[in-house]
Amino acid sequence: MSDLHTISLIPQFPLRRVGEELERLRASAPLVHCLTNEVVQSITANVLLALGASPAMIVAEAEVADFASMADALLINVGTLYPARLAVMQAAVVAANAADTPWVLDPVAAGVLAYRTDALHVLMQQKPAAIRGNASEIMCLAGEFASGKGVDSTAQSASAIAAAKRLAQQTGAIVVVTGEVDYVSDGEVTWAVPWGHVLMTYVVGTGCALSAVVAAFVAGASDRLAAVAAACAVMAIAGERAESACDGPGTFLPAFLDALYIMQPAMLKAADE
Amino acid sequence: MSDLHTISLIPQFPLRRVGEELERLRASAPLVHCLTNEVVQSITANVLLALGASPAMIVAEAEVADFASMADALLINVGTLYPARLAVMQAAVVAANAADTPWVLDPVAAGVLAYRTDALHVLMQQKPAAIRGNASEIMCLAGEFASGKGVDSTAQSASAIAAAKRLAQQTGAIVVVTGEVDYVSDGEVTWAVPWGHVLMTYVVGTGCALSAVVAAFVAGASDRLAAVAAACAVMAIAGERAESACDGPGTFLPAFLDALYIMQPAMLKAADE
Amino acid sequence: MSDLHTISLIPQFPLRRVGEELERLRASAPLVHCLTNEVVQSITANVLLALGASPAMIVAEAEVADFASMADALLINVGTLYPARLAVMQAAVVAANAADTPWVLDPVAAGVLAYRTDALHVLMQQKPAAIRGNASEIMCLAGEFASGKGVDSTAQSASAIAAAKRLAQQTGAIVVVTGEVDYVSDGEVTWAVPWGHVLMTYVVGTGCALSAVVAAFVAGASDRLAAVAAACAVMAIAGERAESACDGPGTFLPAFLDALYIMQPAMLKAADE
């Protein structure tokens, strides 16, 4: 789909802007309502806390509507979807939209199983502020046939750039396709976020936590495209730094959370100059 | 509410007593039944194991009644409450009371959302042995209006001392209000537990795990006030020690669990002398 | 039941075979569908990822049947069983058997509570490829009275060898009884896996994660007995290595995941010579 020539034309999101967006997030300390899967709740909360945001996992149908106007952003992640939790997610999305609270969709395993794929096709039409997935997931939501296993992850994220643009145009969301390089598009402008480390794929929940971080950055953002690209960049840069301070995926996670916590906006802003 | 003069009169719980209570816990290795929220189950279990207690997460309504008489204490934490789980909690509390098994209430986000606040007002009347919350939560259960964000955490816990005393008198529970300093009251006597480190607030579940540790110390205690104060002290001291051995919230958690595991009752008992 | 003389006759599973089985697992990167308890989902996924397998937690009844033919193995762990999740597990087992996908049973707390014990007696008749439990759990499933607390763990696993053999003959499963030494039996041949470290018992989920690793090794195995013994050996060896690189149970877990990640089949294969 996208060839190497096209990819090379996609500009890299500037570090200066990452620093500005991180500074904004730290100042606002957004409250992020996470409706996420059973496996990644702890890492998701710890990533948000380390970064300077405030996580809240509220799951009762009787509470999500009230909470939508308190939270600064909402995350919907369908990893371990089942009917009762899906009903809560749908209620939360309706309430978030009514309260003008931006929400982010993480379409885990879209296209793999019919139940969630159907649910995701409904959710994606309900005005998410951002959608964050891997190449297969984004291609599925954009209506493309997603190729299966065995594809190199760089090729994968690049192969979904056209799908990401189209999905952004269809839904009005900022769309992120993650891989060795992340691509972030609003349907017109597309940024590349090239940092990160493969070790992140050996720690469960780094992708899911990124979606929560996207929600944290989207909260109160005046430039959502930049906010989402900054979210990807912050996680990728922390991943690179953690990799240099660890011996494997076990020691990676503590080092990664430390790297998020100590990341300085001023250093990022100075890095481009 | 409480002024600085009043606070300065609250005595610090003695380290010698912390050591004695920890020695008792290690010797009895209490089995703690935890009905807690989705986010903190792993850290809760790991904290109990590191300390020398034995965690058990049993969640079926068909099992909680049978288990109440096997467990040495029960924890009820409403962080991710929903109707089916609330029904299990209510059954577990009734069974625990029938079996004379002490139980501890962690009223997460009391006052923030009506559904859980209503449920908590019912639960708090069912003879918990202890209630552990932050200032807002304790003030809500005591019937006070809880001020919102932006209040310094030291001020916060101190501002809820009167509420903690009143809640203890109303319910018969030992009440803990946690913050930079923790206050532990039976309605008559109040102890201050001044250790700890702010880094603990950047790790999800340290407060929830403290409530589980309160349950572990309350199990078999002849002096419940001392047991609860010792629980707070052990966690706070481990937090201080972990802080000196870490680079941020990521490396804090492993160091914190190590500190709980290696903490020596004899050293604590000797520290006051 | 088994005396020391009998135990001393049980041969140790050879390291060379551990290396061969690990090499096979790394080459196939099996997709392991985990229906496990609420407490250990994160460690289970991280252990599988570190080892080179691919975890998937799919919990909707509408999805488990479809997923059974995609996954290379299925894990059923009843730690936090409740009716809705049990129904999903039963559907997943039926689908796995129909698709010839091997599945592994972890009978957490069998014999302690009637609800799960009844459920486990049904599940164990549905042709699990392997069953992994501690001495009490295996003895319960084999129809023996399991002695309670206070028994040394070495004695415990040894005391259940006869039960493990009988349960293997009854069910056709490879049966593992874990403890300071693990015993793995197909009802005829029994192997001992003697490595490991007691610190593993202070980290929640190491036993549950082992059951997931058993599932990963059983996937595509031509020799299931060897595959299951290799799973136990890999975890035990990583436990020993992690112990020498940590200060307590907190720093153990990161070191343990690192040890799984860097474990070299070639080194294991050379170790016996």
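Letters A, B and C mark the chains in the order given here, with residues in each chain numbered from 1 onward.
As a working rule, a contact is a pair of C-beta atoms (placed from the backbone, for glycine too) under 8 Å apart; a residue touches a chain by one contact, two chains touch by 3 or more.
From a predicted model like this one, the values you see are computed outputs, not experimental measurements.
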Shared interface partners, meaning chains that touch chain A and chain B: C
Shared interface numbering between chain C and chain B [over half = same, under half = different]: different
Between chain A and its twin chain C, rotation from the CA superposition, multiple of 5 degrees: 120
Chain B and chain C, separation of their C-alpha mean positions in angstrom: 34
Of all residues in chain A, the ones touching two or more other chains: 38, 42, 253-254
Chain A residues within the chain B interface of the complex: 38, 41-42, 45-46, 49-50, 55-63, 66-67, 70, 84, 88, 253-262
Chain B-facing residues of chain C, complex: 37-40, 42-43, 79-83, 109, 112-116, 201-205, 246-251, 253-254
